[in-house]
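Please see the structure below; I have some questions.
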Amino acid sequence: MKLISGYFNKEASLLEAVKSLRANNIKIKDVFSPYPVHGLDQAMGLRRSWLPRAAFIGGAFGAISGFLFQAWVFTRAYPIKIGGKPFLATPSFIPVTFEFAVLFAAFSIVFAYLLKSNLGVGANNKIYDERATDDRFVVVLDTSNVDEQEAEKIKSKFEETGAEGIKYEE
Amino acid sequence: MSDISTREELIQGNKDLKTITDDVFNPIVAKPNKFWFAGLLLAASAALIGVISIVLTVWKGIGIWGVNKTIGWGWGITNFVWWVGIGHAGTFISAILLLFRQKWRTSINRSAEAMTIFAVICAGLFPLIHMGRLLLGFFILPYPNTRDVWVNFNSPLLWDVFAITTYLLVSLVFWYVGLIPDLGTVRDRMKTKFKKAFYRLLSFGWTGSAKHWQRFEIVSFTLAGLAAPLVLSVHTIVSFDFATSVIPGWHTTIFPPYFVAGAIFSGFAMVLTLMIVARKTMNLQDYITINHIELMNKIIILTGSIVGIAYLTELFIAWYSGVEYELFAFVNRATGPYWWAYWIMMTCNVVSPQLFWFKKLRRSIWFTFLMSIVINVGMWFERFVIIVTSLHRDYLPSSWEMYKPTIIEVLIFVGTLGIFFTLFLLFVRFFPVIAMAEVKTTIKNK
Amino acid sequence: MKSNIESIMENYNITFQFSKKIKTILAVFIVIGVASLAYGIFAYSPTKVWSALLLNSVNFLTIGLGATFFVAVHIITQSGWHVSVQRIPEAISMSLPFGAIFMIIMLFGLNNVFHWIHEVHHDPLIMKKEAYLNVPFFITRLFIYLAVWILFTYVLRNLSKKSDLNDGLKYYNKSRTYAALFIVFFAITIVTFAWDWLMSIEAHWFSTLFGWYVLAGVIVKSFAVIIIIVAILRKLGYLEFITKENIHDLARYLFSFAIFWMYLWFSQFMLIWYANLPEETLYFIKRVDNYGFLFYLNLILNFLIPFLVLIVRKFRRILWIVTSIALVVFAGQWLDHYLMIFPGTMLDVQKIGIFDIGLTIGFIGILLWTVLQSLTKAKLLPKNHPYLQESFHYENL
Amino acid sequence: MTKYWKSLDGNSIQNKKEKVEKKSSTNRRDFLKTFGFGLASTFILSRCENAAHKAIPYLIKPEEVTPSIANYYTSSFFDGDKFNSILVKVLDGRPIKIEGNDLSSISLGATNSITQASILSLYDDTRYRKPKVNGEDSDWGTIDKQIIDQLKKAKEEKGKIAIVSPTIISPSTKKVIADFIKEYPTTEHITYNAISVSGLLDANKESFGKRIIPNYKFDKAKIIVGINADFLGTWLSPVEYTKQYVQNRQVSEDNREMSLHIQVESGMSLTGSNADERIIINPSEEQNLVANLYNYIANKVGEEEITASKPTMKITELGNDLLKNKGKSLVVCGTNNKETQLIVNGINQLLENYGKTISFNQALLTKQADDLEMADFIKNIDSYKGIIFYDCNPVYDYPAKEKLTNAIKNIELSISFSAIPDETSEIVKYVCPAHNYLEAWNDFNPKEGIYTLSQPCIHPIFDTRREQESFLKWAGIEQEYYQIIKQNWKSAVYSKTNLAFDFENFWIKSLQDGIIELESNSSEPKYKNDLSAIKITEPKSELELHIYESVHIGSGKHANNPWLQELPDPVSKVTWDNYAAISPFLSKEKSLKTGDVIIISGTMEIPVLVQPGQAKNTISIALGYGRTVAGKSGKDVGTDVYQLIKTDGYKEYSTDITIEKTKVFKELATTQLHDSMEGRDIVRETTLDKYKEKPSAGNERHKEIEKHHNTLYQEYVYEGHHWGMAVDLNACTGCNSCVAACSIENNVPIVGKEEVKRAHEMHWMRIDRYYAGDPENPEVIRQPVMCQHCGNAPCENVCPVGATNHSAEGINQMAYNRCIGTRYCNNNCPYKVRRFNWFDYNKSDALEGNLYDPHGMTKDLPRMVLNPDVTVRAKGVIEKCSFCVQRIQEKKLKAKMENRALQDGEILTACQQTCPANAIVFGDLNDKNSKVSKLFEQQRRYHLLEELHTLPTVGYLTKVRNKKGKKSNNKDHQKHA
C-alpha cells in the first residue's frame, strides 16, 4: 500500500486542505489531529454516527429488563409481605429501573464505540505520526490505485494549503 | 470557527498546542518533588490506619463504634453521604457543564472526575463496613440462590447499591473514555520503552483519527446526557435513605433536590481545595485561572443558596405542618444538645458562602481555599446533623440517647481521607491531570 | 452559514407587526373566554368559578414570571445560545402586570377557594398556622411578590431595549446585577407563592418540595410558551434567522426540564407513597381515587410524550414536532394546576368541561395579545447583545 | 400452657382446671426413672467440656420424654424472703424456664423477676462443686466424719451450737431440724430475716396475740394507703398483692370502678409510682403522720386520741377518704418500728378493716424471725461452740459484720450450706454445699393452710447434698428426706383433706398441682391494745437515710445473677448499681447531679441519682449491692448499706446521716435518659371521673386519627390468624417481670454494665417510665414497649435484604440468618424496639477470638439455660420481639395434631404468662370472641404513635387515675385533641 500524508500545524490549513482535496474528488484515507477539529467531519463528509442508538437500545433493554426483573421477584418468584406495601410496588422499582437503564445505555455505547473504532486493551493501531497526538494535523491518502499525475496533484494541493511537510510511505 | 470577541481566553499564558502538551506531559516524566513523596507517605499511612480500624471493626463488631440502640448510624453513614456528595462535582462538571456548553470546565474536568471516582470509592466503603455482617454483605446482591430469596427492592439502601455501583462504573467509563486520547499523547511522547509500553496498553491504540474523534465526541456527549440524570439520581437515592423513613427530620420531600444541590456544593468545595493546591504545586496557574475559581465560586453561591433555602423551607414547613414531632426535630437541632453541630452547619453552609457575592472575595485564592475547607466541614456537619440529631431524639423520649464517636470511627474516616489522597497523588503522578485534547479545542491560537 | 449571517444583518431592524387579522382572532378567543365565564357564573357554584379563575390566573401569572426568570438566568449565566430568541421571553414577561391584575381580582374570591379562611378559628391544626395563614398577611405577601416581580421585569426589559440603541455590553453588565437580585428574590418568593396560592388550598397538607415542584413546572412551561410563540412568529414570517440549532436547544431544554419536572413529581409522590403517613397521603389519595385518569394523564402529557418524542435527535430539530410537544406540555402544565386546585377546593369530583376550556381560551387570548403587543415594542433581535454571534455559531451533537 | 400428661399409674387424674395438668412422679422408682434420662446429660454437664459433642441417643426412651418437647414440673421457689409457686419447664433434661403455677391462690400463675431469673442460679458457674474443708476440696465422707466428731464433742462439753437461718417455712425441714436438736440438745435455732418485719410481727402479737403477718386483701379495699410499704415491688408477697391490687384497678366499660391508692413514702418506690396520690414524708415524720391520722379518725369515730405533736402535713383529706370507706379500706405500713405498726393496727381497727380487708386466716408465714433474738445471739456469739449457717449469709446481710466475721473465725465448728460462695461460706470451716432448689425435694407452708412441694427437675449437677440430708446424716438418722416429706404430708396435710381416697393418690395430686390449699376458717382474733403509752417520735430536720429493698436484687442473695443485675430498676431505670437517690431540691441545694459520688456519713462512697418524687431531706439507698464475695456479676457491684442499719432493738431502716461531696463522677448505667414525655401523645390517660362519664376519655384522639387513616395502598387482609396484643396501662405496675421472662425465654444476651452505659442493652421489651408535673412530687406513668408488629412496618420497607418482613399471621418477623446488620430497620423504627448484636455475645461468630461475654454466659454451664427453640443471634444481626413465635408455633402444631381449633388463651407469650398484673393479653384478633379482641373493642384502646399509620397490632388501654375531682395538673402530657 502506498500512502501519502500531508502535515499541517494549523487547524485552518488542515480544514482548507481537506476541503480542497474533497473538492477535487480525491478520496481521503484518514485525518489525524490532536483534538477534535470543529467542522472536520462535515469537511470530510463523514456521516453522523449511529452510536447513540446503541445507547438507546441498551438503555431501553436495561429499563425494561430491570423493571420486569423486580416485578418478577416481587410477584412471581417469592412474594414477601413488606411493610404493607403492594407486591407490585411500582414506585419502589423506579430507582433501580433507572439505574439499570443508565448502566446498560452507557456500557452499550462505550463498547460499541470501542469495538467500532478498534480501540481497546492491546489494540495496536498504526500511528502515522507521533506528533499527531501533540500539535500536528496529518492527512493521509491511499495512493495505491492512483496514477502519478493524480499523486502530483495531491502534493500540490498540500503545498497550496500550507502543508509543513509531505511524506510518502510504501 | 469565528471569533467571539466578547469572551476571554479560558486559559492564560498565550498557550499553543505544543506548550499545552508540554505543560501536561512534563509532570508525568519529571521526578516528583519532596512534597509529593511526603504527601504520599502521609496519605498512605493514614490509609493503613484506616484499614486496620476497618479490620478491627469487622472482627470485633460494630460495638466498637459509638452507635447505639437509638442512633444506628453515626459517623459511618455521615462519612458515606459526605463522600458521595463530594463525588458529585466531577461528573457534574463534565456532564452537566458539557451539556450547558460551559467550556471552562475543560481545565478541571479531568482531575475533578478522578476525584469523583476516588470519593465514590471512599463513600462505597462505608455502607459496606457499617454492616454488622460484612462477610455476608453479598446478600445484598440479587443473585440466584438455593433459598430462592432475592433482595428487597423497596429498600433505599438497595437502591443505593445499584446507584453507587452504576455511578462508579459510568463515571469510570466516562473518565476513561476522555482519558484515552490524552493517554495516546503521553504514549507518543514517552521515550523510555517500558513506560511507553505501559501507556500503549492504557491508551487502547488511540490514533487521533477523525472518525475516532467524531465518535469520541458523540460518545462523550451521550455519556454526558446519561451521566447528568445519573448524577442527580445518585444523591437523590442517597437522600431517599433518609426521606423514605418516618423519622422526623428525615422524612421530608425536599430532600432529593436539596441533597443534590448540597452534593454539588460540597463537591465543588473539594474540587477547589484540590485545584488550589494542585495549580500551585504543579504550576497549572495558566490552566486553572482565577476565572475558573471565580466561576466555581459562583456555582458555590448558587448551590449554597439552594441549600440555604432548603434549610429554611424545612424549618418553615416543620412549623407549618403542625406536626409536633417535626417541629421538635428542628427545634432540637437548633437548641438541643447538638446545637453546636447545627450552628456550625448553618454558619459554614448558609452564611459563609454568601460572602462570595463580593467579587473581591470570589477572586481571592486564599479566601476561596479557606472557604472550600469551611464548606467541606459544614457539609460534613450537615450530614451529621441530619443523621444524628434526627435519630437521637425521635418519637419516644424514653429511647432518646446521645451519640459520641469512638476513636475507631474517627480513624476510619481519617483512613478514607488517606485512601482518597493516596489515589489522588498517584493519579497526578501518572495521568495527564488536564484534559489536553479538550483544552486544545478551546484555545484561539491553533 | 453565510446566508444566515446575512439574513441577520437584514433583519436587525425588524419589529413585529401586530396585524388586524390576528387581533380579530385573539378577540374571538377573549370573547369565548368572557362567554364561558358568564356561563360559568350562571351555571356553576361560585367556588367552581373562582377555582377556574384561580387556575387561569396562576397559570397566566407564572407564564410571565417564568419568562422573566428565563431572561434573568441567561443573563447571569452569560449564555449566548438564546440571544436569537431573547426578545420573545422578554415580550412574554410583559404579560406580568396583567397576571398581577388577575391575581388581585382573585382576592375577591379568596373565601371561595381557601377553606382555611373560615376554618382558621376552629380547626386546631389550622389554628396553629394562623401566624402565616391569615388574610392580611396573605394579601400583603401577594402585593410584595407582584410589585417586586414587575419591577425587575421592567428593569430588565428596559435595559435590554436600551442595548438596541447603544453599547450592548454596558447595559448587559448592568442587567447582570438586576438579574442576580431578581433570581434571589424569585427563588424565595416562587416557593412562598406556591405555598400561599396552591398548597394552602389544602391547608392541612404540606410538602417541603412543593414550591420547587411548582417552580419546575413554571420553567417547563416557560420553554413551552417560548417555543409556541417562536412557531407562531415563524408561521407569520418572522424569525427566519432562527436556526435548527436554536430550535434544537429549545427542544433540549423542554426535554430536560420535562424530565426534571418528572423527577420532582416522582420524588414528592414516591416519598409520600412510601412513608404512607396519613397527614401527607390525603393529598394524593384524593387525586388518585377521584381524578385517576387525569392524574395519570398529567404524567403522560408532561413527561411521557415529551420524553419519548424528544429523545430522538431528529425530532428535536423539527419545529412543528417541537411545537406540538410544547403544546402538549402547555396543556399538561395547565392540567397539573387543575389537579392542584380542583380536588382541593371542590368537594365533589369535577370534570373538565367547556367552561374550563373556554375560560382558558380567553386567558390565552389575553396572553397572546399582550405578548404580541409587546413584540411590536422592540426589535426581534437584540443586535447589540454581546453574545449575539454565539447564538448562531454552535452545533448540537 | 403446660404439657399434657397421661398419669403414670393409668388412672385418669383430673385437674380442677382440666386444661392444666401437671406432671407428677409417684414414688421413688418413678422418681429414678424420671431422672434416668438425665444421667447422660448431667454426666456431661458436670464435666462441662465437650458438652455438645457427645449427645447420646436413648437406648430405651423414657415414656415421658420426647426430645425437643418440654415437660413441666411443679415446684416452689422460696429464697428465705419471698415465696412463689412455680412450674419448671424442662427440655431434654435441662430446666430452662420458670413459669408461675396458676393453681396457686398466692400468685395465680404469675412470678416476679427474681423467681424468673432464679433458674440461672442452677447453672451458676461459681457454685461449689464439692464440699470444702478450710477452703480445700473435700468429700462428704471426710467432712461428715469431722463434723460429727465435733458435734459429739460439743454435745459432751455442753457447748452451744447455733443453727442460723432465715425463717423456715418447710414443715419437713423444721422436723429435721427438730430431730437434729433432739440429737444435739445444746443446739439453738436462730432465725433472722435480712429484711425484717419483726416490728410488724410483734405489733400483731401485742394487738391480736398472734405473731404473724395477716392476710392482706388488697382486692377487697376501695382505698389503699401504703406507708413506706412497697407492696407491689418488694413488701412481703408482692406478686400476690399485685394480683389482688389490679383486680380493683382494671377498669372496663362494664366495670367503671377502681380503688383509690394513696402512698405515703420517702423514696419513690414501685408502689408509690403507681399510686393515685403520693404523699412525701421523711422517714422521721412517719410515726407522727400515722399518729395524727389515727387521732383524726379516732376523733371522728369518737375514740380516744393519743398524744402527738401537730402533723407536718395535711391529713384531713386522707382521713376523710379512709373514713368514707370503713371496712373497705386498708392501711399498710412497711416500717419495722413496732410502735408505728401498733398505731397502724389501731387505724385499721378504727376503720373496721379486720375480718374484711385484713384477715388472720391464711396468714403469711414467710417472715417470722425476731430481730431481738438475732441481736441477742450476736451479742453472745462467742459463747457458741458451733454455728451452722442454713441458707443465709449474715456476714453480708446482717449489719454486725465485723463481730460475726471475728466470731466465725474463732469458732471451732462453722458450717455453711451455701451452694455458691458468699461472704459467710468463704470464712467458715466447712462448706457443705446444698442443692439448688431445682435439684431437691422440699415442701413449704407459705401461708397457713397452704402447702406446696418442690421436686427435683434435674439430677444434681455437682457433688452437693441438700441441707436436710446433712442434718439427718449428722443426727445419725438413716432416712431419706424425701420419705420424711412424704410422711410428714401424710400426717400433717393429708389428714386434713378429703381430696383423694388414698394417700398415694393424694401425693400424686399434690405433686401434679404442686400446691394443696386447706380450708381454714378460724375466727379472727380479738383486738386489744393500749396506744396511750406510745411516745411519738418527733420529726427531724436533718438529712436522713432511707434504706430500701430493690425490686430485682432484693436482699442481695441473687446479686450474682446477671439477668437481675441487668434488669433496669422499675423507677430509676438504673442497672448494675445502687445509688443514693436524692430529691431535685437537694440536688440543687448541694449542687449534685446524677453520677456525682458522695460520701455517706464518712464511710461509704456512692453515686447520686436525682430522683423526682424523693423526699426533700431524705436519701434512699437500696440494699443488696456491694457484695464482696460473689461471682463476677455480683462482686463489687454497687455499695453495701447493710452496715448502716441500726440493730439495737428492731432493725432500723432509716437513720440520720451526713453527706460529703467528692469530685469523683461515676456514670450510672441507665436504660432511659429522658424522663419527660415532652407533652407527646404517647401514654394516654384520664381520670376516673372522666372515664365514668365517657369511656373514651383521654383517648379522644384515637377516633380522630382513625378517621384520617387513609392509605395509598390497600391494607392487607389477614385470613386465618392475626396475632395481636393488648397492654392495659392501668394494670401494668412496671415491675419488669415481663422483661425478665422475655429475656430468659428468648435467649437475650447479657451485655454488662459498660455496654448498658453505651446504650447497647439488648432487652426485647422495656417499660418506659415518664414523669410529669412537679419534679418534687411527679406523676409517674409507665408503658411496656415491645415490637408493635406494625401492619405497615417502617422497618420492613427499608431492609435491603428483606430479612425482616411480615408473616401471613401479622407478625413482623426476623430472619436472623438473612440479616446483614445495616441497622436501617432500627433507625426507621419509630418505637426503637429493635436491638443490634454489637458484639459476639454467644460464641456464634464466624471469626475467632472476638467473644464479648463479660458475665460468662457462654461458659458451658450457664449456656445450659438457653432455650433451644429460639435461635441465638450472631454478632451483627438485629433482633427483636417475635411475639414468642416459638410458642405460637408449638401450640398451633399441637392443636393441629390433636385435630382441633386453637383455643383462645392457649398461647401465652412469655411476658403475658409471668405478668402479675394481668396487663398483657395476647391472642387472635380475627377471633372476635378472643380476650384480646374484646379488649380491642374497649374505648380505651389506642395504638402507640397511631398517627403514623404504622398500624400496630399491639394496642394499649389508656391509664385511668383515680383522682378525686381534682383538676388534672398534668397538662404536660394531656394532649388536646
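For this structure, a couple of remarks:
For clarity, chains are labelled A, B, C and D in written order, and residue numbers in each chain start from 1.
The rule we apply is simple: contacts are C-beta pairs under 8 Å (C-beta built on N, C-alpha and C of every residue); 3 or more make two chains touch, one makes a residue touch a chain.
Remember, predicted model here, so these are calculated numbers, not experimental data.
Two chain pairs, A-B and A-D, are weighed by contacting C-beta pairs, with A-B ahead.
Taking the mean of each chain's C-alpha atoms as its centre, the chain lying closest to the overall protein C-alpha centroid is B. Once the centre of each chain is set as its mean CA position, chain A and chain B turn out to be 29 Å apart. The mean-CA centres of chain A and chain D are about 80 angstrom from one another, to the nearest whole unit. One inter-chain figure worth recording: chain B and chain C are separated by 35 Å, centre to centre, where each centre is the mean of the chain's CA atoms. With centres taken as mean Cα positions, chain C sits 40 Å from chain A. Residues of chain C in contact with two or more other chains: 270, 272-277, 279. Residue positions 711, 713, 792, 794, 797, 802, 805, 948 of chain D each touch two or more of the other chains.
Residues of chain B in contact with at least two other chains: 1, 149-152, 154, 156, 158, 217-218, 229, 240, 244-246.
Residues 266, 269-270, 273-274, 276, 311, 313, 395 of chain C are the ones that touch chain A when the two sit in their complex.
Listing the residues of chain A that touch chain D in their complex gives 80-86. On chain B, the positions that touch chain D within their shared complex are 58-63, 66-73, 127, 130-137, 139-140, 149-152, 154-158, 161, 241, 244-247, 324-325, 328, 391, 393-402.
Within the complex formed with chain B, the residues of chain A that make contact are 9-11, 30-41, 44, 46, 48-49, 51-52, 55, 59, 69-70, 73-74, 77-78, 80, 82-83, 85, 89, 92-93, 95-96, 98-100, 102-103, 105-107, 109-110, 113-114, 116-128, 130-135.
By the touch rule above, chain C contacts chain D in their complex via residues 124, 272-279, 281-282, 284-285, 288.
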